[in-house]
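Should a chain be cited, it is by its letter among A, B, C, D and E, assigned in written order, with residues numbered from 1 in that chain.
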């Protein structure tokens, strides 16, 4: 297992923050990350680099720690009482697990999209304007522009432009999810984390969201957790396979799906379990 | 879509309750079943035969009506307020949707295993003995025998035989699920309905439960809902593919997975959506 | 000590023309009162027995005399009332009492330097009531009544009182220790001898009325006003004080001097904080109003009116405060 | 090897189903019992009040004369009492709930406060009356004014408001908080902008229900000592006052003196019940309307 | 990423950055608010301390006049007069008997109501009945008091001639009716929180609803149900106006429920509204009784909490 990931990790250890193939910078560099929920050892010695302007997919069976890892990347995992971590995660070369690191700042740069669409019970407009507002942007004109730009960015502007004052919960699930993505875009993040963003959606909405992800890739680094291997194969550049809190295999997506190195990866992607 | 299922249905309509290939009897014969949850039309003109001593898998994306159909087979769906049905489901040639049909009697013959293991918060022993007890069996010796036999039948006897007095919730999820299966076996049902019985389980437990299902097939007719296509392929004899409340395709499992007739079936089993 | 101050100069002149006739007095008084519209509040607490009288009085005063003055009347009970009355700097203005002030209470007033004045406002008669169905005990002598309520008599059945009475248990009741009526009955009428065992002592008069109206063998004592309003539910015993049976009524209770209901009659009081009356013109004004109208209001609320001389005495005192 | 005797099972079936149906009827009767009592109670009260409720009764001052007596003073007393109770309990109750749900770490402090609140909820209201009498009326020298009564009532219903607000706050799905934190919002921003707005329906339901409890509560005010006759209409929280339940209480114990007082008491009960019914309806409407929004 | 910002007229990232620096108030608020809220939360603690302190200091004075032991074993309560006697037992029997009667009404009816609502009633019926129960719970106790006194007592007297016009039976029954909604709704909460999967599991085995209720739901919800009983008891102990009005104020030591009795709460009302002069034993007795009442209900509440925490079923 460690071959693939450790060979990749040599880059980061050597501080050469480039992807050998694409020349992309490293955004997140995870080193020896361990995480415990009380007694549960949920993440074990994770070593994983995340590259700029790529889609990194995280796959694995239920309970393997995918969501946990993702939530560690913006320290959201701290909301769970009794969580402990060790190791480092460097975001743009700063250790975010360091207590002196301001989470609010991190989360402003790192957007997150959740499994279940979770718009606020407010109007569509207020949903998008929420982020800018809490960061002190009050000018109505500016907000209007941000809202339009973000909704356009999430390719949902045309569907909602006439009903911006309506409650976001009046939209369909797929639209809600794109509202959530737009909400994320409103504060112009650097990275977007997505935790099974399509698993609660119907096939059509799934397709739309997948298309959107592909477009966003140009401007943002995206990390996506999915239980749908076809989806991972379709949209991601890199894939990491988690099992029982460990990274079993990490590689280019094409490579991992066509010639998995580890027997367990193979079993998983051929549907032997999960 | 209707070709496959209607050709099969000719048997039942002609009252020739035999599977052409295996000579097995028909247990359940569903004709023109429609079901509404209030305004939601959840099942549409379902026509489906279920054969004895076979495993019938029901697959389909989330929300397509798999669980609903399963719960209609033991009239559990009636617990939802505002449910209406039309059409007939004949179980052993009696229409169970008929109001005069006693549900308690039906459910005594048709066991059910749920997605999330749901043992009672009682001892393992009392869990298994629950069914026989409500049916009037009080003799301690007989109960002991039933408990042992059922636990053996669910291949969990060796794991729990020394802790029958412990609370069932002290077991692992996979063990709990097998306890639930054993609980079902204790009243010697004719049919066992299973709603994603392994989706909450880890790979190891999944394997054990799948093995168990394969063994149970000899004595019981099994209908299993699963979102895991590999699982359907591995363990079932027949497969029905549901979409939006309709049966899109129904055929021998091998046949359906290798040469799906319907484009939508193909899309689904190749992971194009869901 | 400060209570002695004489602010009388200020409020003087409003009227000095007191005459003996209260009735005509009221008429004459109205005009000057309207000239000097008073405001502020008058706080009264104390006996629940006196409450109906005082409430009526307060209401009339606010309605007819001084709309700007707020008179509030509580019914905490005589003792609790004194507790609120005897407060260092300004307790209640009046305390209604169904008994005279006790030595301890007077001592406390002394200690706090509170000057108070006692006014009799009306007369109440202890009425002994029975169930209307009870046709044997409609007339009893004083001693029979006492014996019924005394433990020492050993009476338990009506036939013990008089052999001609039915052989039924006597069900004795009355207001509980919270009430001045109890104290008067116990201290003055029964001369502090032990009451019969198992006597049913109640907090609320309504309960007593209900109890007597539902039990043929019941006998109870309470203030005349409660009987007066419930003549349909209970009937009163005519009591023979030696000169033949006397029925309780406003007239007989009012006859304090000679023949009458006298031994069972008691005055009810209100106590005025003189210091506060000097400070607050509305308090003094209300006090004068009360005495001037006491006779009328007493009759309306089930009390016997006081004699004219008593009223005049009080008025003289009050006018002296001006 | 069959242990289950199908014959036997089928024979048992009918008695079992019969028992079930019988039990269902019994349970139904039990559930209806409350309804019957309610009907009886309301019928009794209404029939006693017939002819006594009119605009004069509502708009007149108190009087010893039954024909002229009205409950305007008692109504205004109740209104003023609520002017004290509502802001104080909302401030204290919601503040406590936010602290417990959002800030307090699991542990000692939180357990102590939580246990304490459950215990306070069970303290009889007379005991609160004694607290109010000793602390607000006497020690703080407020006297038996609206402010003192209101503070006592506020403490009395505080636990109810805390618990209701806690539930409302807890019912705000975690994913909304996560979404807000995910945008880089701070904790207080999240509470202020997301949690509280989403919890407001639940909180208001709890507040209304607890206020209606305060409106009907009598014992603490009996203990504090409210003048039996107070005619002027209160116009500030520093005035003396009376409220409807006190009026009911006094009128009933005085019904021995004036029969019509019993009708006045019944009429006041009717008005009080109508007010409580309206408050309850509002609470239920709010609850139903906002129940499933996420 | 630099690229995409150039295309737009507005640069949110920069604006946020700028605001962050001028935003110190926010972090102060963030630090101060928890302490403010802690202060608010402390009010409830202060209230409890206030209650205990208020009651305790006067209770101590009381026990200097009346020995502790005499108070709690005395069967005679004659708070006034020259030979005043302070024994709390008459009040305790009044309290306990009225509570027992109330509980005997409220527990079976409340529990059956809860079962009906949670297991049998259709959604519509539940939607109809629950608010009615809530109305019943919201009726002021003074209204129940008059109901007991003017209706229930006369009604009972037509069956039980021996019943006194004021007695402990009638207010006990009415108190029971008053706390039915509490038992019903708390028990129903406990039962509804048993996951539906339990019900489904049992029903799928062919059990009737009755069997599901008694063999699965009740055992699983037992802690919540018992806790609701204990709370109901504590509520009955603390109830004041019903007994004040309908039970009279007889202070005899008796177990005869057809007679008038006084409860601790009614005694408190009587004494505060009556003769109590500060500094007298009578006045202190008020606090001693209130303290006893407080301890009683406190113990009940602690038991309820202990039960619901300790015996919470695992599922």
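Heads up, the rule we're going with is that contacts are C-beta pairs under 8 Å (C-beta built on N, C-alpha and C of every residue); 3 or more make two chains touch, one makes a residue touch a chain.
Protein names from UniProt, one per chain: D = Phosphate transport system permease protein PstA.
Just so we're clear, the structure is a prediction, and the values are computed from it rather than from any experiment.
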item	value
Both-way neighbours, i.e. chains that touch subunit D and touch subunit B	A, E
Labels of chains that are neighbours to subunit B and to subunit C	D, E
Subunit C and subunit D, separation of their C-alpha mean positions in angstrom	40
Whole-Å gap separating subunit A and subunit D, where each centre is the average of the chain's CA atoms	47
Euclidean distance of C-alpha centroids - subunit D vs subunit E, Å	13
Subunit E, residues touching no fewer than two other chains	208, 211, 244-245, 273
Junction residues of subunit B - those touching two or more other chains	104-105, 108, 134-135, 187
Residues within subunit D bordering two or more other chains	16-17, 186, 189, 225, 252-253
Interchain contacts (touch definition) - all pairs	A-B, A-D, A-E, B-D, B-E, C-D, C-E, D-E
Complex contact set, residues of subunit D against subunit B	1-4, 8-10, 12-13, 16-17
Residues on subunit E engaged by subunit D in the complex (per definition of touch)	26, 29-30, 33-34, 36-38, 40-45, 47-48, 50-51, 54-55, 108-109, 112-113, 115-117, 120-121, 129, 131-136, 138-144, 146-147, 149-151, 177, 180-181, 184, 208-211, 231, 234-235, 237-241, 244-245, 265, 268-269, 272-273, 286-287, 290, 293-294, 297-298, 300-302, 304-305
Of all residues in subunit E, those that touch subunit C in their complex	78-82, 157, 164-166, 244-245, 248-252, 260, 270, 273-278
Partner subunit B, residues of subunit A touching it in the complex	61-63, 200, 202-203, 206-207, 228-231, 270-274
Subunit D-facing residues of subunit C, complex	41, 43, 45, 51-52, 54-56, 58-59, 62, 70-76, 204-206, 208-210, 225-226, 229-230, 302
